[in-house]
Structure formats: C-alpha cells, structure tokens
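Taking it in order: structure first as structure tokens, then the write-up.
Just so it is clear, A, B, C, D, E and F label the chains in written order, and each chain counts residues from 1 on its own.
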Amino acid sequence: MNTPFPTSSSPGGESSVPHTTRRPADLSAHRNADPVWDALQEEAARAIQAEPILAAAMDETVLGQPSLEAAVAARIAGKLEGHGLTGAQLLRLLETAYLSDPAVGDALRCDLIAIKDRDPAADTYLDPLMFYKGFHALSAHRAAHFLWKQGRHTLARLLQSMISEAFAVDIHPAARFGCGILLDHATSFVAGETAIVEDNVSILHEVTLGGTGKEHGNRHPIVRSGVLIGAGAKILGRVEIGQGSRIGAGSVVLADVPEHVTVVGVPAEVVGRASSSEPSECMDHCSMMQSSDFEWGTGI
Amino acid sequence: MNTPFPTSSSPGGESSVPHTTRRPADLSAHRNADPVWDALQEEAARAIQAEPILAAAMDETVLGQPSLEAAVAARIAGKLEGHGLTGAQLLRLLETAYLSDPAVGDALRCDLIAIKDRDPAADTYLDPLMFYKGFHALSAHRAAHFLWKQGRHTLARLLQSMISEAFAVDIHPAARFGCGILLDHATSFVAGETAIVEDNVSILHEVTLGGTGKEHGNRHPIVRSGVLIGAGAKILGRVEIGQGSRIGAGSVVLADVPEHVTVVGVPAEVVGRASSSEPSECMDHCSMMQSSDFEWGTGI
Amino acid sequence: MNTPFPTSSSPGGESSVPHTTRRPADLSAHRNADPVWDALQEEAARAIQAEPILAAAMDETVLGQPSLEAAVAARIAGKLEGHGLTGAQLLRLLETAYLSDPAVGDALRCDLIAIKDRDPAADTYLDPLMFYKGFHALSAHRAAHFLWKQGRHTLARLLQSMISEAFAVDIHPAARFGCGILLDHATSFVAGETAIVEDNVSILHEVTLGGTGKEHGNRHPIVRSGVLIGAGAKILGRVEIGQGSRIGAGSVVLADVPEHVTVVGVPAEVVGRASSSEPSECMDHCSMMQSSDFEWGTGI
Amino acid sequence: MNTPFPTSSSPGGESSVPHTTRRPADLSAHRNADPVWDALQEEAARAIQAEPILAAAMDETVLGQPSLEAAVAARIAGKLEGHGLTGAQLLRLLETAYLSDPAVGDALRCDLIAIKDRDPAADTYLDPLMFYKGFHALSAHRAAHFLWKQGRHTLARLLQSMISEAFAVDIHPAARFGCGILLDHATSFVAGETAIVEDNVSILHEVTLGGTGKEHGNRHPIVRSGVLIGAGAKILGRVEIGQGSRIGAGSVVLADVPEHVTVVGVPAEVVGRASSSEPSECMDHCSMMQSSDFEWGTGI
Amino acid sequence: MNTPFPTSSSPGGESSVPHTTRRPADLSAHRNADPVWDALQEEAARAIQAEPILAAAMDETVLGQPSLEAAVAARIAGKLEGHGLTGAQLLRLLETAYLSDPAVGDALRCDLIAIKDRDPAADTYLDPLMFYKGFHALSAHRAAHFLWKQGRHTLARLLQSMISEAFAVDIHPAARFGCGILLDHATSFVAGETAIVEDNVSILHEVTLGGTGKEHGNRHPIVRSGVLIGAGAKILGRVEIGQGSRIGAGSVVLADVPEHVTVVGVPAEVVGRASSSEPSECMDHCSMMQSSDFEWGTGI
Amino acid sequence: MNTPFPTSSSPGGESSVPHTTRRPADLSAHRNADPVWDALQEEAARAIQAEPILAAAMDETVLGQPSLEAAVAARIAGKLEGHGLTGAQLLRLLETAYLSDPAVGDALRCDLIAIKDRDPAADTYLDPLMFYKGFHALSAHRAAHFLWKQGRHTLARLLQSMISEAFAVDIHPAARFGCGILLDHATSFVAGETAIVEDNVSILHEVTLGGTGKEHGNRHPIVRSGVLIGAGAKILGRVEIGQGSRIGAGSVVLADVPEHVTVVGVPAEVVGRASSSEPSECMDHCSMMQSSDFEWGTGI
C-alpha cells in the first residue's frame, strides 16, 4: 500500500447532491466478467434442488436478481425494513449506493471472496450472502457511508441505528473500511466515527475500535492491511495497528502496534512476530475486479 | 376499428419462455415523451406539500420511481403481497409484465387518462394511481394476462385470486381488455375466461361478464368499444354488445345488443338510441403514445 | 325534521386548519353519562370470561380505552393500517376526528344503538363495535368526511380508498350521513359525492346511491329519514327518497319516491304504503346524547 | 334425500364443552383411502416443477401437511390472521373443527370435487384449495358453524366478521350448508342465521339468502339439493327453493319455488322446467367418502 | 448525595394496584416549560426538510405527538411490538408508566441531555430519541421498573425479555437507575436484579453489573454518581464503585472501588486518580426539571 | 459420565433422509409422566389470572398446546419467522426435530429444570419458556443440530443465522450440547463447529468457544460436565475444560484446564480449587425423564 492514506474525518459537508433518491433505472452491474455472481447463481440453483423449502428465498435473493448489487440490496432491505424506512425505500437507497460507485460493488465481491477463503465453515459465496450477519452489517454500512459522504447525515445515522438493532453491530457511518473484510460472527462489533480499516482485515466478534474522551477530530484507531483482531479485543484512541499484525482475544490496546507482531493482554504487549505474513489472499482475487479506479485497492 | 378481432381463447400453450422471471435490469420506460408521468410527478410533489403525512407513500410510489411502469408495479405489489408471493416477487413479476411489452405501458397510461377524463371525482392522474381499486385491479390483471399468454397458468391464477381477495374484483387471466378502460368503484366486477372488452369502455361496479354452462370454448361476452355498462348489470353468454351502446343499471343481458342503443330491464330490452356517440376521448390522448404496434389499438 | 336541509356539495374550501394533525392530548369523551360505553365495558368483560382467547382483542379495543371514541379509533386503525398510512397515523387522525366534534361522537353511539335495535342477530353493542364491517366502514367514513370538510381532500380520498379496499364499501368523503344508520352486511355499498342520507336509515348490502353523467354538482340521491333500502337496490341521480319509504331488493330507482310508500322493480314503481311508520327508535335513544348542537339531529 | 330435514335454528345452547380449545395432538385424517388428498399432492409437486416460485406456498399448504384437513386449516389461517386472532390461534380452531367431526372433512373433499367437476376454469383440486375464495369462505364458515354449535357464539361471530372482511362473503355462523357446494366467484354472497342449503348446490356471486323484518326465528330461505342460483339473485324470507330448480341471474325471489323449474325476473316467475335434472355428479364421488354417519348426506 | 439510599430489593409485593392498565386519557406532560421537547420539534422539522423520506417517522414520533412522554412511548412501542404484546398494548403500558410519575418524565429528559452533552457523535436530542438503542433500552427498562414496583412481575419480565431480544440489552426490571445515564452503543449491557446505578453515569457496551452465586438478596453492584465504565468491563457481586471513578475497558472488578480513582486490569487495580472530577453536567440541566420530588435526584 | 464421549465432527454426510419435512401428524409427547409440562400449565393459568393482558401469549404458547415440544416450537417459530422461512415452515421443522427424537424432548425439559434451579431470578418453568433468549437460542440450535445430522446443512445454516440475528447467539449447527444447560443472559455467546458441551454446564453471556486458524477438523473446545463459565470468557482451540471447573469472567483460556479448579486471567491461570463440587442437580431431575436411550446422558 504505497499511496498516501487520506484520514480526514470530514466527508459530506461539500455535498451538492439533493437529498432525495430516485430509484436507479438500470440495475445491471455492467461488468465484463463476474465470476462471483456466476458462482452464486449455480450455488443457489443447487441449494434449491437440495432444499425446495429455500426456493422462495433463493429466488428472491439470487435467481431473480439482475446483478450482485441488486441481490445484496434485496437481502439487506428485507432484514432492515421497519422503524422509519420501508423495504422499498431501503431497496432504493441500497441499490443506489451499490450501483453508483463501482468500488462499492468491488468491495462486496471482495468481501465474499475473503469470507469463503478464510472461514472454514463457509464453502460457498452463498453462505455469507444469505446467512452471515457480519457481511450483512458491513454491506449495509457501505451504503450508510455512501450517504454520509453525500452529506445526508441523518439518513446515514438512521441506517446505522437499524444495523445496530438488527445485527448488534454498531459502525459509525463515517468510519471507512477497505476491501476483503471478514467480520466473523460479528455480534457487538463497534467502530467509531474516525476509525479506518484497510484491506484484507479479519475481525472477530465483540471487537471495539473506540475513541476516548469527548473531543471531536481523529480519535479512533487505524487498522492497517492484513491485520487479524481476536474476539473481544478493545482498541481505543487514535492508535495504529501495523500491517500484518495480530491482536489476541480479549486484549486491550491503548498504544500503537508495530507491523507483523502479535500482541496480547490487558493492556496488550508484544509477545512475538505474527505467525504468518499478512493474509493477502484477496489481492489475487481482486485482480479479477474490473473497475480500474477501485478506491480501496489504492489506499482506501 | 378495421382489423379483424382475434377471439381465440387459447393463448400461452405455445410458450417457450422458461417459467422463471429474472427481475428486469432496466426499469426505464424509454419513451420520447411521457406527459402522464411528468404530470404525476408534479401532482405528487404538490400532494406532499399539502399533506406531509403522505410523503412516504408519494415518495415510494411516484417520486422515487424511474418510470410509470415501475410506479404502478410498486403500488400494486404493496397491496397484493402475502398469501403465496412476497412483495419482492410481485414487484419483479409486475415490472417484467409492464416493461416487456410497450403496449401494456400504453394501456396503463390510457387508463389513467380515461379515468381522469370521465370520472368527475378524479381531477388528477394521481388519484387513480394511488387510490382507485378499479385501476389497481385492472392493472394487476394486465400482468396476470401477460403471464397467461406465456403459458404460466398457475401463477396467473394465483394472481387472479390475490386480486379477487384484495380488491373484490374477479377477472379470469385469459380475459382480454383494450385501452382506456374505466372500472368505476369496481367492487364485485366479474369477467370470465373468454370475455373480451375493447377500447374506451366504462364499467360500473357489480357488473358480470359471465358464461353459461360447463362447456369450454368461447362462452363469455364481447363488449365493443365505447360501451357504458351500468352498476349491477349481468351480461351472460357469448353475446356481443355493439359499439357505443349503453346497458342500464341492474339489467340482465342474454342476447346480442346492436350498436349505439340503450338497453334496460330483466331481461334487457332496447329502449332507445344511446344518448351520445361513443366516448372516444381516449383516441386523441392515445395518439401521444409512441409504440406503433399497440395491440389493443388495432382490435385488442 | 323541520329544519332546512343544507345540500351544498362544496365543504372544505374555506378551511383554515393547517394540514397537519397533532395527536389529541386528551382522549376523554367528557360526557356526563355514557350508557353505551358503560354497557360496552360490561359486555367486553363478560366476553373475556366466556372466551379467554378474546382477551387481547377486548383489552385493546374496549377495556384498555379511555372512551368510546378512542375505542372505535383503535378498532378501525387496526383494520385499515398499511398502504400509505401507518396504524399510529390512522389512530391519530381518527381520534382527532371523533373527539373534535361531539356530534361525531353522538353519531357513533347512535349508530351502535340503531344496529342493536334493528338487527336480530345483534344483541349487544359489542357485536357491531367489534365485528360489523358496516359500522367500521361508516365510522371510518365519518373521519374521512371530517377531513374533507377541513379541505384535506387528498387525505380524505386516501381514507376512502382504504375503506373500499378493506371493507368493500365505497363512500365518497363528501357524502353526508345522519345518525342512527344501519349498513347491514355492507358489502359493495356505494355512495357518491353529493349523496345525502338523513337520520335513522337502514341500508342493506349492494346498494348504490349513484350519479349520472360526467357533470359536477348535485347529482346523487337524497335519502330522507326512516327509509329502508333493500339489498342490491340502485338509486341513481339527484332523486329524493321520501321519509319513511321502502325500496325493494334489486330495484332500480330513477325518479323521486314519495313519503311512506314501498317501491319495487326495474325500474321501480310504487306498490303500496310502507308497512310501518318510520323506524324512529333511535330518536328515543338519542335523547340521552348530551351535545345540544348535534349537527345531524337538526338536519345533517 | 329421504330423511327428514332438521330445521331448528337453536344449536349450541346445550353446549357443555368448556370455551377453550387445545390444539389437536393428532392431525391425521385416519381415512382408509383419500383420493382427493393423494391427487392434491401430485398436483402440488407438478406445480412446483412448473413454477419454482410457488414452492414455499405449495410446501406450506400441501406438501408439508399431514392431511387435507390440516392443509385447508393452514391455507385459511394464513388468510384470516389478524384483527383479534393470531395465525396460530386460527390454525388451532380450524384444525379442531375439521378433525373433530369426520363429516366436516367429508364436506371439504366433497366441495373440492364439486368445484373441479362443475367449473370449467378449474381442472385440478389444487386450484380451489389454493385460489378460490368461495371455497376458503365456505370452509372457514364450516369452522364457525362448528363453534356456534358448541355455544361459542362470540368466537363464531368473530370468525364470521373475519370472513366477511377477507373474502367479502358474509354467512351467519348458524347457517347450515350441505356437501358439494360451489360458491363461484363468491364476492358479496350473504346468508342469514336460519338459512339452509342442502347438498350439491351451486351459487354464483352476489346471491343473498336473506331474512325479512326484525323478528327472530326461522326467517331465511331453504335451498334444496341440486339447485343452481344465478349471479345477483336475492332470495328473501322463509321460502323454499325446490330440488333441482334454477334461479335466474338478477332475480328476486319472495315465494316458494317448486322442484325442477326455472324462475327469473323481479319478482321471479316460473318460465319453464329446469333444463337438466339435478347436477348430482357429487353423489358418485361422495361414495368414496368413508364416514357412514355423514350428517349432510342424510339431510344436512 | 447526602440522602440515605434505599437498597431494598423487594418492591412490588405490597402492590394494591389492580393488574390492568387503562390507557391514560390525558397525554399532556403538564410542564411549565419543556425546552427539550421544544428543541426536538424544531430538530424534527429541520430533519424533514433535509430528508423528506423521514417525514413519516418524524411525524409519527415527534411532530404528531402531544408530549415527550408520548413520543418516547411511540418510538419504543414500534420497536418492541410482537411476541406477546401488540403495539397498542405496549403504547398503553409505556404511556402509563411515563405519565404516572413525573420523575420518569424527568429522567427521560435528563438522559437525552446527558447523551447530547457527552457523545461527540450526537449533536441533537433527536439523534438519541430516534436512533440510540441505549436510550431506547433504558427508557423501556424504566417502564418495566414501574411495572415491577407495582408488583406486576410477570409483565415486567416479559418487557425485559423484549428489550433483550430487540436491543441486546438485558436489565432486570428490579434494577434501579438514576438520571442522566448514557448507555453508549449499549450492545450486550447486562444488569442484575439488585444493581443500582446513581445519577450521571456513563456506561459503554458489553458492561456487566452481575451477581455471584445462587443466593437471593443484594448481590449486584452499586455504581455511585459520576462514574464512567469502559467497554467490556465486568463488575461482579455487591461491590461499590465510588463516586466519580473510572473503570477501564476490559477490566474485571470484584472488589469495592474508592471515589475518584481509575482502575484497570483483570482483576482491576487502582492505577491513578480519575483524570477529571465527576461528569456532573446533568446537574445543571436537571435544574430546569420541574418536579420537586424527583426521586432519583435525591438518591435514586 | 462413564461412557466414552464421541467427538467425531462429521455427522450428516451419511444421511438418507430426503430433504423435505412433512409436518408431524402426531404432536403428543407420549410420556408416562411429564411434571414439567404439568407445572407449566398451572403456571400459565396463574399468569393469566394475574395479568389478563398475557392471555393470548399464554394460550398460544402453553394452554392451547398438546405437548411441551409443541409449546417450545410455537414460541421459537414466532420469534424466528421471516428472512427465508415462514412461521409455518419453522413450526414444522421445529416440531419434527423435537418429536422425532425423545432425547431432544428430554433435553428441553432438563434445560428448563436447570434454569429454574440455578437462576435466582427464575422461580417458574414459565419464565425461561416464555422469556429467556438463552433457552430459546439453545432450543432452536437443538433443531438446527437435528437438521445438520440429517445432512441438511444449508437449512441448518439458515437456522443458525436466524438465531444469530434474533438472539445475538451464534452456535454452529454441528456443535453438540448435553442436557441441563443454562445460557444465562446469552447475548453474544459463540460456539464453533466442533465445540462440545457436556451435561449440566452453566455459561454466562459473551462467552466464546472458538477455533483457531483456517484448518478443518476438531479445533474448538470440549467443556466437560459441571463447568461454570463466567461472562466474557474466551476459550480458544481444541482445549478441554475439566469436569466441575470454573472459568472466571473475562478470562482467556488457551490451554487445557484440569478438573475441579478455578482459572482466571488473560491468559487464564489456575487460582484454586472450584469452590463447590459440580452442580449436578440435573442428574436427579433427569431421572424422571423416560427415554432410556437418552443420547446426551450416555455421552452426548
């Protein structure tokens, strides 16, 4: 990751987009090749043959959809509807977010690849698309972040609250996430307003990327690429977790962590080198993504 | 209306379309000009200003939609969901039906124009789009008819039953309707399998276009263009109601009715000429429709 | 009924009420005595003892409510919610309509008395409050009429369409109804914009009070007090049905009907005197109503 | 039909069953042979193959159910839930009604056979089970009648009101219906408290079997077996429609009708012999029913 | 805090309030001045102008409500409905709890002030009212606690379980909370039966105020005013956290903590003075509350 | 527990059960004596008397059900419905799982006994049945595990995801649990694919039984009988927690733990003997269970 990393926490103020969203008229992804989407359709067809009871869900989420973006939007809209936005309103917001920016579509694919690669319990793309609340929560956050960057802060905050209530995952809409992220189990993950997570990071449940104090400004962690954060770890303040490092389960991290080390404890201390180089599997897979201006791939 | 009128009752058998529906990727109507849709958007914006409480409904049905076809689909899907098809499944079926055949889109517009023209209680296109169950029922039937013609009879019958339950309007999916139809009040309207209704017909509530006996084949009425049928009238068997005629409320019609007459009574008898020529207002308006191959305009 | 009867069809234009409704802070009916409400609570308590399965419904509609107005609003809101207005929005609109004008509260009570009096199948006030769609439809219409008189025509039309869809009863919000009305069975009842129904009228199902032609202005029937209209009767145009008369089932009425006669047929003809004087039972019961300015009691 | 026909209108008063319903522990129909149920399962499996989108509905209503009784209960409970009873409460009441009395199970099968036999638009048992609101309404009424006979009048009335609201069919729970009944289209059918309909009767939509006056006691029609009643006919008072007769559409019947004649008009008059003997097709099919004490088969 | 602090854990047993709740007839807050409510209305109006899509939610929760108490009740009822209590039943219980005791109304306002003051991500009262599940969970608990004090233990436990399921926050209904409480992020907060939290306390997510063993009696922590508890901290047993102290994230506290210190670690040890005096901001704001007998302000 | 404990993690592959589930026709538990179910019915009846508002919920879950298995299925189906399976589909799957294998029915009863015994806040079986999401989540998992053993992995995974979303409890369907388990508070409990929990174990919230690395095979903990695991503890890898030991709150366990000790800390170390012998209360109660082949009792 050579490119300078933008860390400004004030997106959105410059928005000139009016605060209304017309549903996108074109739901195609317009990709030359889309192996993840192709695989999903085969997996869904096989799932129906094995379990006819799943036909409606598979049909609604995968087989009847024109693109992966529309599929993810449909799945999440069904889970978040109510409490201020209807299913139709959500569908429109999510489709708009996913289809307006090809980088978001890339990130959805990259996340699915990362989950299938890294989670021994997942052997299809269908599993995370249909069943993983970590994928649902992060994908919904990507839409909230899109709204936040447009300056639509109240709507983004509403979406955040829906995600928190539905999935028990609380991510401030301004927080920024790279590509190839695995939120495993996901329950009670919290990330604050100025948190940054780069590419190819795996985060277990009950992890906090939190702030300290009441002041505004950059006050949440930066997690560099290739990092693995164990269950229950709390990382607090504007600290930086170096590339390829590992944070042990239950650790409390209050200071910067170098690259390629393992830290554990309350408070966390370095106990050794990370046992492997960074899990860069996603890089290979991302090369099949087509958008040349993929924001996250060049530095989030 | 010079073209011969096809009355075959066996559409669909030749279908080679597989029985699955992918949601259309392109929801645009692709029309050069669309004055009905333009007017609807102004009317919806005005309605919200007068009644903020309607913002969500107007946003969901009109302002957030990319085309009239999508708007009608959204409105009807919201009303029919449940009992075998979800809102998302319905949306997909309706959008596909409305966008696959430009003639259906023409008919939706033509119906809205006819209602606004003929019903003194309607002074906008928004009223029927949002509030008229006659328009909702007939527009839903147009999608059921589309499915029927594809040979998807079971699905079409399901849609028929949903319409009957939601709107108390029971139209066999094989029944054929022209353009510019007003179903006023609509409660308890019944039309059988081989019924044909040409263009510019106004039908009040509790009207039956029924069959007799158990035999198959053409056994329901043909209603020529420009006809007005009063509340509670029963028209039974393969009789033909001549162009521009009127059927009095509560009449029972068991025989052919000539053109441009008024019939009343049980059984109905001719009591005079129709008081006006056929209400052909729609013709003028239809000229702004763009599809040159409008099926209904040339004889249903 | 000595007082002149206002027949203007243009209410609402003069409205100065802003088009928003704050939920009423005070839900009491503020009546000195309220025998109908008292009886309802005893009936509901008895119903729960006989059928514990009904506890939630009785609790929600009757036992937990502070007034009859709130009870009717709760019952109807539960039945109409969806399609543009939430249950909470409906509750607020209905409570406001019922509590703002004591005459509406009088009418609700008077209707319940009339139903219990006249329908052999109803031996409590609880039956119509809980189970009669005719009472639900007419009570909902009274709220739509309240909105119409305030000039909130779009919202009133939305309410009309909800009533038509939920109950298969289609009453234009401008139509005016007196007190002590029984809509028996109610399915497919239709009343147009300028229809007027005075006090103590009983109307069976499939009755139409319809207009003719496309012109605006007074074009629907006036039904004087004490009238009984049989199932399926169609009354069309600005005709007047005289006090205490009866319209036979299935009749089509196109001309004025004198007082205290019975008419039948297609078209309807006088066949005799009405077999009884007008069913004025409600008058006695209405005397226990407290509001001295009861609009409908003095001529609608 | 040789056995005397009981016409007492006072069922239920003698009930000693406590007013609570435990869900039946055994949902089997315990029939030696059940060709209707066997056919339904084949039809449902075929329907899914043709339309995968219907898998959930077919699975829920047919393929996953242990008996026809449970299937009908599931279908109707899904349509009636809300407004005072949950889906689970309804399911329990309906299953209890259908499984407690084998005659009710016979009637459900007999009705399905009659519909498939007589309606040219129905070529499977699946069609009426899934899609016909006439079958749904009458089957739900059979459960309401079961409750009424147990003396649970309030609950039966609640069920009546749910049927009226969902299907626009209003049948008093005390009304009695034989086996092999076709309610075609069904919208706005009304039958009063003391109405009796014997076996093998076909009734079109908008038919009224109504009473006159406010007195209690037998005051609604008796319809003998094999009768056909056309759309919109009104039959009023304690009149008897003789075996195998036909009532023309839109007729108003105020007096007894002999056997095997056709009557039409307002008021109805005899215009000839019925064109066929009674439609006794069901008799053959009913012979495969197993319960020897089938109530309706021996005189309702 | 000079007043003796009641710690009895046996409320409710002496209740003489009958176990039924009539909906309050008067929903006004009856406050001389209500700056929080006034501000909320301005904020809601501004939010609609920026995001018309939020009009329904804002209207339903804020603009259409007669008081803050009714607004909070509406918001929470919408989120908790189902699984044993309907939205209407919840609304009634919540309104009754909030309006019966002015101290509860004070606490709702005080909490909103505390959140806006202390959370850099919240710059309006509208944010927590609409979007913070910590505020929703604690406000719902305040109603459960009201029921518990009345001796309605089963209903209070039902409410607890609904809160746990909807918000992943599990507070025993007997636990007592002061005013000015911030539950930040809130996921997985747990507080046991005899836990006590005084005024002006901030608690992050995954905090446990737990008991030890199976014995009854006081067995959960007491948290004095001004305390801050970091994410993931576990405080177990009848220990007391002294006024103005801080508990570090991830700490496990098994013993009393003095006033104005900071403790961290597993098990937690004192590492220094608290970096600031207690966050007593709420005190100033509470002075605008009007009820002189505010229970929590004088010692919970 | 003398019998060898099977630890194979590959159930299901050998399934010959077709992937469809017919609803069980017989919902009886067929037990000679069922003291838990008897007690539940008394408790439910008492609860209704104290709180009539709970009548519907108690009726639906307890009083109207034919067996405990059906009661638990009804409760959980109501909570999980949506997102891919309807309430009716869930009911069928859960009833089938609970009634097909008597050991599962035993486990449901054993868990209820354990909760009532060990949780001072629970003094009835009704409390956990109705209100404890830990009981709901584990009981739902037992059905998912049943499906997994049949080789229906996709359906089991769907159920897992529903449990995770509804209850914030994430248990892989292959994980195996003994009898007499208390999941207290339960929020954020996570157990991986090869985790094994023997009989009579109590687990607080935020506990993780997690794996390490990406390899397949046995990689999650084994928790022997009688163990107590405190809130927030993380146990990672194929370690074994010896019989009757205790894991302190917030501990991180990465190595085997001997029998009858207490461990605490990050990482956890032995700090003493467990303060009591194993909580073997369940053994006594289980003796009233009737199935002689209780799988879990002989080694899970």
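Going forward, a contact is a pair of C-beta atoms (placed from the backbone, for glycine too) under 8 Å apart; a residue touches a chain by one contact, two chains touch by 3 or more.
The model shown is predicted, which means the values in this text are computed figures rather than measured ones.
Taking the definition of touch as given, a chain qualifies here only if it contacts chain A and chain B alike; those chains are D, E.
Between the contact lists of chain A and chain F, the overlap consists of D, E.
If you average the Cα atoms of chain A and of chain C, the two centres end up 55 Å apart. Chain C and chain D have centres, each the mean of its CA atoms, that are 31 Å apart. Across the assembly, chain F contributes 20-21, 52-53, 56, 59, 78, 89, 168, 187-188, 206, 232, 250-251, 266 as residues in contact with two or more other chains. Touching chain pairs in this entry, ordered by label, are A-B, A-D, A-E, A-F, B-C, B-D, B-E, C-D, C-E, C-F, D-F, E-F. Listing the residues of chain C that touch chain D in their complex gives 47, 50-54, 56-57, 78-79, 118-121, 127, 130-133, 166-168, 185, 187-188, 204-206, 230-232, 248-251, 264-266. Partner chain B is touched in their complex by these residues of chain A: 20-28, 56, 59-60, 63-67, 70, 74, 78, 86-89, 92. In the complex of the two chains, the chain F residues touching chain C come out as 48, 52-53, 55-56, 59. Residues of chain F that touch chain A in their complex: 19-21, 82-85, 89, 152, 154-155, 157-158, 160-161, 164-165, 168, 170, 172, 187-188, 190, 192-193, 206, 208, 210-211, 214-216, 219, 232, 234, 236, 250-252, 266-267.
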